[in-house]
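Following this line, the structures themselves.
You will see chain A twice below: alongside chain B first, and alongside chain C after that.
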Partner chain A sequence: MNQQPGKLGIREYVSMVILMVGLKATEDTPAALYNMVQNAAWMIPILSAGIFFIPLFLLIKTMSLYQEKNLFFVIQKLFGKYIGFFVCLLIFIISSFGLSFDSRTYTNIIRVYYFKTTPVLLLYALLMTVCAYGAKKGIKHIGSVAYLLIFSIILSLFVVFGLSTQDSNIQAVFPFWGTGRLEILKSSAQRLSLFVEFFMLTMLVPFFTSSKDFRKGTWIAYIYVSIQISAATLFFICLLDHSLGEMGYPFHTAIRYISLGSYIPNIEIVFFILWVMASFIRFTVFLYINALMFGETFHIKDFEFLIPSLATIYLLIGSIPETPLQVGIELKPFIATTAGLLFTAVSIIVWLTALLKGEFKHAKNKNNI
Partner chain B sequence: MQKTKIISRILLLFVIVFSLTGCWDREELEDRSYVIGLGLDHSKHKGKIKVTMLLANPEVGSMQGGGGSTEKPREIISFDANDLIVAKVTANAIISRLISYDLLKIIVVSEEFARDPKFWNIISDVSYDKEIRMNAYLAVSKEKASEYFLKNNPKMETRPHKYFQYMIDHGIENGLIPDSTLFRLFRTTERGTDLFLAMNTTAVMEKHPKFKGEDEYYAGQVNASGELDDTQFIGSAVFWNGVMIGKLTGQETSIINTLDDTTNISDFLVNIPNPFPGIRKSFAVRVLKREKNKVKMNLKGPRPKIFITLPLNFDIMSNPSMVDFSKKKNREILKKEIARHLKKENEEVLKKAQKELKGAPYPLSFYARKYFGTIQEFEKFNWAKSYLKADIYVKADIEIVDYGKKAKKVGK
Partner chain C sequence: MRRKILKSLNKTFNSEPQFSEQSNANDIELKKQDISRHYAQNIETFKSIFSIPKNIDVKVREFTIRSLNLRAFIIYIGTMVDTDQVQRSIVKPLIENEQPSRKIQDIVSFPVGKTIINIGEITENITRGITALFVDGDHQCYVFETTKIEGRGIEKSDNEVIVKGAKEAFNEKLADNIALIRKKIKNENLIVEAHVITKRSRNDVLIVYEKDLVNDELLQKIKNRLASIDTDSILDLSILEQYLEERPRSLFPTLLNTERPDRAASFLEEGHIVLLMSNSPNCIVLPATFWALFHSPEDHYLRTPYGNFIRFLRFLALFISLFASSFYIAITNYHVGMIPPDLLMAMAGTRERVPFPSIIEILMMEIAFELIREAGLRVPSPIGPTIGIVGALILGQAAVQANIISPIVIIVIALSGLSSFIISDTSMNFAIRISRFLIIFAAGFLGIYGVAALSIVGLFYLVSLKSFGTPYFAPMTPHFFSGKDLLIRHVPMKASFRPGYLKTKDMVKQRKD
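What follows is the complex of A and B.
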């Protein structure tokens, strides 16, 4: 199978990113945020987005020096062969663990709410097979499918929010500052991991028709996603109030609760199907990027052939934890915090190195000539 | 080559279609028995509970125009169990089909069990169960829940799921019973600041119930006679921290439902004392809530002050004294009387809640939250305690939209 590295357009990219990052609103993130600062949880996504804007901006600025080159190329170029290799490997490993535990969480959701007696391993294997198949098709195809799905998924999400307002109470957002202003700021800094995917997405730069598209797309998606996660958290706070903290997956509790009048009482299956498709896209992109990282790190050109084996490894890693609780409470937050810190640090260091090496000046001179 | 391709594609499609049925989570509708009502009681054995299941027969009434089966519409079984989850399996010793809580509509708890501190522990299992939906209702019955389901024998609506659905929906719309979904139960109890109201029901009519004014009845006190089912849904049982502590009449419940912005009360009819001379002492009005209540609070100082304004629309449905409402004076008298009456009734109920029930009977604490910057401050204020000392002023903001069909007195 010889694939042309198809080019990505801005709309495919934006829809892909929205599905990949925006889907965080529908898993355990809102509950985790609630447990940090109670009813001020909806502020965290926006504040974190504000904080993470700086490293992301610097990174994209640095990347723009190297037209049509991806993140790992830039890292290896700036840090040299050995340190660069080490940093790339570290990023790859962290994101691998992130993918494993994230996909395990999604499998848990599917099992807990919809397929109660099916073995976890089977559901998990199915999820990974679909994602591996999708990822093998290449980024162009993933983008097209994402664009196909994006409208129905966003629509369904807002239908859920709309229906949930029937039973929600806007006054649940008070006391406005939750557990205190300082606490919110601190938690926002800890929750940079909400947007680490944007860091990884810089791997996709070479696939764009123009790097301007990439920059524009990133910012559009960035703003939209931060608003979406924040809005979702806000709606769940209004609907569930204190119970949100004890609920694992508020989105799925909400879709089981809402109804379209007394004649169509149970409608979760509609939302579930769309949600599953969205999560396929999420992990397909995730898997593709990880394979790309692996290929870049070890200089493997036909990295797409690695995808099935990588998927199998992730499946095995994800199956290690015994209970969903272990994943949700111990492993995921740990990986998320590490990823948030590491990726932020790398972005800033990349920029600093470029600055000290005078790469920006070089580029300016080149332009002047 | 082309043919092989097409054939293999069709085969693939078939394989995919077959996989849709699943293997482990395959559910046959034919194979399931749906529990509509669940009853919880004390058991004679220590540490156990008595579970009653009301199972609906989906075959009955589903066919239009006769030809249906002659089976009974329901089955009821009661037995002792450790909890209501494993009870599903135990019930299979008696019921031929697989028991499912997917369509559970109502959980009925006997009053004596609801007053037991153990109750919260048992009912909490519900939030762990993956089948029970949070929009099932909690009801408290005066008699044992096992007897309740047996005695409940609707004459017209024999299919239990429809019976409970209509009974509860209309009861809530009329304001006589509270909107007591499990969702609200858990939300209220976990918040820990307000009281929760569950609907009160009974299938045993009191022997010689006294006639009372409007709807000042507890469940079982409405003295109805004729060819009917004795089940009554009226009034509410009050829970604090998951334990039942008291009861409210139908009228008190309807007042609280009007005060509560989070329930789905529609228009309802009430009697208001007649301010005009005449033989009949009351006239009928239809009450419509125009918009959400306005609540203002002054929480500083030792005695917090709470001001509630009820924006209500009224339709005058009867005119027993044949008053000419085209005169402004008469309209003013009427308006004043309604305002006075509502103020008195609302404040009485809230006072009763403060004194006897020791809590706010609806999520009033939500309105208090905005006066605090952080959760710590709100917790320090301690709503549950401070509310008991609060002075509550209720004002009805009345608009009479309709004075009835006849504007003038018709000659005698």
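What follows is the complex of A and C.
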């Protein structure tokens, strides 16, 4: 009943995760999915969720052996000092690049759709500054802000979906299987990157009162997010049909397309406010987790002081690509695929190692005693 | 490391100036002593302490106690005691009583408060309006609670106006204020504790709480904080408020200051702690959350749907007063496409002859509005209404006609200005008004993106605020059990929990049997 101070509540966690992962429905993901399997794109999030469920389940099961310890501790414990260190470093580097290019993508969206004449660097620097400020406040406060905003953001998303049905065509879901069933399955396996954030979120276990809260929250968010991304893709397919494939960021096209009756033709700004707030939170969490990873890898206790410098580094890395296309077509898919494969592999290997080392049996014996 | 260097630099540049001060070690030494048995010495001591006869309202009256046949004198401050009563029930019996009695208590008809021997303590009591009686050959001093200070009566609440519900407000008299609370909570567990917090003026603070509800840890924390205040004098509760706050420079208040006893009582019933101070017509409620500052007692006095309606209005007003002007700037400067074409043409038409950019327009009007508002507060009341008319007429109509302001700006400013009046808490009101200016600058800098960025930074800041360990948005986030009285409230029968963040001894208000 009483909450301990400094601990993350399940509500805050779930809203944070929904903002962090669910926001993928509003960037270039739906378009990328459409390009893979055409009209069946909406199936991919659900199918990948099904596939990624196995490694995530195994990982969380392994993690539950070590109460109140985070992912990197478990990795270093299971793999030993040296291999563990390299695995952690690899994960940190991959997720750093992921953060850099992701945040660049969002900056691109802001610039292309809303601030055409403002320099990218200014928009990007503001994004990173805000995120650094938020991340420095700590995960508990990030969660609180996420919880304060989550309802309005979800509501606005559903308003967009609702308004978009005015002009959408349900026939667009046919052909039902898109480019073919096998193709869908193959693409789903390639798109595990949709849910890699869940892998990173296991870094947050020590912030919970009980790891049961963490597990419960993770599964609630997991189910909700997969449905939300899938639903978003479905609505975009119905609204935009074939042109979805040629579009960079369907959500932003959709909010420009819809209108409130004939009196107020353009309402994208209202949705943009909530969307941009959600993106701030998304990258704040991302940044915090990355700083946490860095601190854990190099055994730095007060990792929160690293956040501003890390944010600057990410800002610099994210500024390297010259065009939005370079980010969207070359770098991001590469990082995403690598991350998807690597994180899945690590999850399974962690579980296997624990199994071979007999950690599960130890835990059982401990419980029996 | 850096902090250390900065600190030492700070020390060298801001060293405390040297004063040639006079030592009062003799006085302090004197006050530590006890009174003597000798009549003459006592009278000498107190005459010197109170600078008699320079000090005109300190009265000393010498006489002989007839029944004991002993010399005696009383000393009191004439302006702070009930002189009539002193004469009638202390002096008269002592002089006129002929019955041989050994004890002073049996002679005077006024109840003897207590006997004191320490000089410093007696002095303290006399300054508080107490009459002290010294008898020749007696090693102790008798003190009588004769305090009677003039002040204002109990009046209507001026600053927190409500339509339905109790109207009376706290006044400057401590006894009245306690009585106002006591008459609402008739329970022996309501404790009123006094603490002296300053050394020179000896201002005391009353801590009011319900013994069987309050969290002892919280109470101890507040007592420690009060004890840690090290200053000469704190004259008013509003100044004490600044001493108590964790972030005195913060834009947002973290303590609730109210002048309504019914409000104080309702917070006491929930397990909060209330601080009162003499000479202050208000009280501090702690810990206070955003919700406590945002709600008004009227929300509860009105029937549930009406109460929720005004709460919804207040929430809307909060948003309008924060964002209306900045939204206007952002829309007209950065996102013109959002305005319906007809309206856009009309706006462009009226703005055509205005030479300023819209941010200057908005800032001019905002500042003008703040000026009118402040002037309206300060002008003597007979000319008060005129100021409103002059302000509205000149600044509104004439500014538009002179092509300084476009008419739509007047609408925006009037709307945001009016809305800001709906937030009734004074400190919260200031916080909203000042942050509005920050948001206007953000909107001028980067349109909606700037507004969103500043808002999220503001939210991060707000959730990290704490009032005596209670997060600002508790019990919403982080979640605690509560009466669910946040954005909307339930019917009173349903609100059965006390706020969980207080960790009260009794969580449930009405337990169902």
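Rule of thumb we're sticking to: the second predicted complex is superposed on the first by the 364 of 369 C-alpha atoms of A that agree within 3 Å, B and C clash if a C-alpha of one lies under 4 Å from a C-alpha of the other, contacts with A are read in each partner's own complex, and residues count from 1 in each chain.
One rule holds in what follows: a contact is a pair of C-beta atoms (placed from the backbone, for glycine too) under 8 Å apart; a residue touches a chain by one contact, two chains touch by 3 or more.
Please read all numbers here as calculations on a predicted model, not as lab measurements.
Trainee: Following superposition onto chain A, is the placement of chain B relative to chain C best described as a clash or a fit?
Mentor: Result for chain B and chain C: clash.
Trainee: Output check: A:277 vs chain B and chain C. Expected answer is one of first, second, both, neither. What do you get?
Mentor: In the superposition, A:277 touches chain C alone.
Trainee: According to the stated criteria, A:266 is in contact with first (chain B), second (chain C), both, or neither; which is it?
Mentor: Both partners, chain B and chain C.
Trainee: Contact-wise, after the overlay, does A:242 reach chain B, chain C, both or neither (first, second, both, neither)?
Mentor: A:242: touches chain B, not chain C.
Trainee: In the overlay, answer first, second, both or neither for which of chain B and chain C A:38 touches.
Mentor: A:38: touches chain B, not chain C.
Trainee: After superposition on the shared chain, which partner residues are touched by A:145: those of chain B (first), chain C (second), both, or neither?
Mentor: After superposition on chain A, A:145 lies in contact with chain C alone.
Trainee: For A:110, decide between first (touching chain B), second (touching chain C), both and neither.
Mentor: So A:110 only meets chain C here.
Trainee: Contact-wise, after the overlay, does A:360 reach chain B, chain C, both or neither (first, second, both, neither)?
Mentor: After superposition on chain A, A:360 lies in contact with neither partner.
Trainee: Using the touch definition from the top, say if A:9 reaches chain B (first), chain C (second), both or neither.
Mentor: second
Trainee: Counting only touches as set out at the top, which of chain B and chain C does A:130 meet: first, second, both, neither?
Mentor: After superposing on A, A:130 lies in contact with chain C but is clear of chain B.
Trainee: Could you name the one stretch of chain B listed in 21-29, 129-137 or 345-353 that collides with chain C in the superposition?
Mentor: Residues of chain B that run into chain C: 21-29.
Trainee: Which parts of chain A are in contact with chain B and also with chain C?
Mentor: Touching chain B and chain C on chain A: residues 114-115, 118, 122, 265-266.
Trainee: Which of the residues in chain B come into contact with chain A in the complex?
Mentor: 22-25, 130, 133-135, 165, 169, 183, 186-187, 190-192, 261-262, 363, 366-367, 369-370, 372-378
Trainee: Help me check something: in the complex, which residues belonging to chain A touch chain B?
Mentor: It is residues 38-39, 112-119, 122, 167, 169, 171-172, 174-180, 240-243, 246, 253, 256-257, 259, 262, 265-266 of chain A that touch chain B.
Trainee: Write out the stretch or stretches of chain A touching chain C in their complex.
Mentor: Interface residues on chain A, with respect to chain C: 1-3, 5, 9, 11-12, 110, 114-115, 118, 122-123, 126-127, 130, 133-134, 137-138, 140-145, 147-149, 263-269, 272-273, 276-277, 280-281.
Trainee: Can you list the chain C residues touching chain A in their complex?
Mentor: Listed in rising order, the residues are 330-331, 334-335, 337-338, 340-341, 446-453, 455-457, 459-461, 463-464, 469, 471, 473, 476-481, 500, 503, 507.
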